[in-house]
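Each of the next two complexes has subunit A plus one other chain: subunit B in the first, subunit C in the second.
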Partner chain A sequence: MKFLGLIAVLITGGLMLLASNDFPDWADSESPANNKADLSQKYVTDTLELTEVPNMVTAVLADYRGFDTMFETVVIFVAGIAIIAVLRPVNHDYSLPQPDDEDPDLIVLMTCRLLIPVIQLFALYVVAHGHHSPGGGFQGGVMLGASFILYALAYGLPKALVRLSEKRAITLAVIGILIYAGFGLATQFLGRNFLDYGVLYKIMPGVETEAWARSHSMLGVEIGVAFTVTAIMFAIYANLSTRGRLDRGL
Partner chain B sequence: MILAFDIITLIFLVVTALIALRVKDLLAASMVFGIYSFLICLLWAQMNAVDVAFTEAAVGAGVSAVFMIATVFQTTRRSKD
Partner chain C sequence: MNTALLADLEVAQHINYWVYIVLMMIGLYAMVSKNNLIKKLIGMSIFQTAIILFYVSIGVKKDASIPILDHHIVHEYHHPKDGSTPVPPKIEPDDYANPLPHVLMLTAIVVGVSTLGVALSITQRIYAEYDSLEEDEIIVKVKDYGGHHG
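After this line comes the complex of A and B, so read on.
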């Protein structure tokens, strides 16, 4: 059996190496990514003018390929739901009194008390500055979720679930996707394509140009992504560390 | 300088991947996976793909390592049957 496995791995690896021959060379000017209607050149030169966003990566991610990112968020949501559904025990009474955790160690407690606000503040900065510097909804959301995980590690899962219960987490995740889809629907009601943010300057107060409307919409969309990612990361941790019983964590 | 950095990081990448596969202790394997993600993060940052490096550091080296360790704590050292 081991020998057959080795053969399968060798054949698959050989096929992948063979297929990689067809990739274009590094910086090949004839490759589709580089010459098809000068697409990447257009991103590089026109992004700042068209969207007022200095970070091209975010502009491509949240605006030009907004549809892709929206369903990436949905994928995270579905992954969280699937993990909860798989781990959920069938006959478990969640209303039982939870076993009390012993009091956390003083050093752990003080360290977390100092660290968690800084982590959360930095996570919010990463979300809010996603279109100006590296970062964005996914990274900021993961960091915000990690701060909740740190809280659960230090104070015990029951106390963390008081702050962000599973029901609240799933509601937050759904709200995040609805924020994202809401931006798309708003553009449709104003007569453009789904997620074509430019037209939103008509309903945004204090926004005169299409470029700024696109910039602000990207921020809104990133906030939606951050909601979903934060909530799902914490829900996944809570379920993984207790086999879905949500009693005593690690 | 950059070439030397690349070569050292890539060698470490292969070494950590092999260690993660060979080591018997699941907790050690998930720790080594965290190191592996962090090395990839260094490579992304070296290629000026800062956004990807940031994601790799937050998701790969941070949260997914925590998820794996949380799962390892639910396993037992010996199988029950």
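After this line comes the complex of A and C, so read on.
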């Protein structure tokens, strides 16, 4: 079985390597993906003028391809719900060995007490600065969720569940998706297409041009994404580490 | 295989494709040939990572910076030196890496994490049900249980 798998993998790999001979060269500016496709050139040259966001990746993610990002947020949410649905014991309790209780270690406690606020502050900075530096909703949300996981690792899962219980986590995730969809519905009510942020300058106070309305809507949408990612990261950890029962931690 | 065919393969210009295809094949081998379920999942994760890196490497340009406009370009656009109307800056596309593969791969990373989470939860249920993580033992037990298992 292993030998057959090796033969199949070698044949596939060999064919792919032969096919890669026709691909464009490494770091070629004239390759079809970089040059002939006018679209990516337009993303580079027109982003600052149309959306007032220097980070082209965030502009494409949250504005030009905003519909895709909304459903990506829904995918994370559905994954969290699916993990809860698969692991939650409904009828019978499994007879599995329970982990033994230990006192939290002093060095871990003191170190995490110093680290967790700094991690959370940096995560909020990454979310808010997605326009000017690498960052955005997904990256900041994962770091914020990781800070909660660190809290659960240091102090024990029951204490972390007091702060972010499962009901609160799922509510937070749903609020994140509703923020994103709410922006889209607001633009529809104002007469334009779904998620066409430019028209929101009419209801935003202190915003005159469409470009600034797009920039601020991108920030709002990224905040929604960060809510969902934070909550689901912690929910995935809590369910996977306790086999769905949420009683003791690692 | 004669040496002319090997020389035609142009490994140096396509080195990124070679590296990522080798990585992909390592992941594929782990998914197909390993017996342990967790090792199969790690193979899937390696495969997904190789594909993400493959796509990002397509968007690289020679001597190009990251796809984020520099701070002083933005500052000059908002505070023009002499005139009163801000002129949109002239940006050369070849100076910046292609942002489109980066964006598409952000979605791919997120989807990969979700898939790995759900796969791990299903693996935990399989372990609770059949008390083993080896594929051949599980297949034997599934055939033994047949139809009379709840």
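The rule we apply is simple: the second predicted complex is superposed on the first by the 200 of 250 C-alpha atoms of A that agree within 3 Å, B and C clash if a C-alpha of one lies under 4 Å from a C-alpha of the other, contacts with A are read in each partner's own complex, and residues count from 1 in each chain.
As a convention for this text, a contact is a pair of C-beta atoms (placed from the backbone, for glycine too) under 8 Å apart; a residue touches a chain by one contact, two chains touch by 3 or more.
Bear in mind the structure is a predicted one, so any value in this text is a computation, not a measurement.
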Which of subunit B and subunit C A:45 touches, first, second, both or neither: second
Subunit B versus subunit C as contact partner of A:57, first or second or both or neither: both
Touching partner for A:146 - first (subunit B), second (subunit C), both, neither: first
Partner contacting more residues of subunit A (subunit B vs subunit C): C
Which superposed partner A:135 touches (first subunit B, second subunit C, both, neither): first
First (subunit B), second (subunit C), both or neither touched by A:25: second
Which of subunit B and subunit C A:236 touches, first, second, both or neither: both
Doubly contacted residues of subunit A, that is, touched by subunit B and again by subunit C: 55, 57, 134, 138, 236, 240, 243
Touching residues on subunit A, where the partner in the complex is subunit B: 55, 57-58, 126, 134-136, 138-139, 142-143, 145-146, 149, 233, 236-237, 240-241, 243, 250
Contact footprint of subunit A on subunit C as seen in their complex: 8-10, 13-18, 21-22, 24-25, 28-29, 32-33, 57-62, 64, 66-71, 73-74, 77, 88-89, 91, 93-94, 96, 98-103, 106-107, 109-111, 113-115, 117-118, 120-122, 124-125, 128
In the complex, subunit B residues that touch subunit A: 50-51, 53-55, 58-59, 62-63, 66-67, 70-71, 73-74
Of all residues in subunit A, those that touch subunit C in their complex: 1-2, 5-6, 8-10, 12-13, 16-18, 20-21, 23-29, 31, 33-34, 37, 39-41, 43-45, 47-49, 54-57, 60-61, 65, 68-69, 72, 75-76, 78-80, 82-83, 86-87, 94, 96, 132-134, 138, 236, 239-240, 243-244
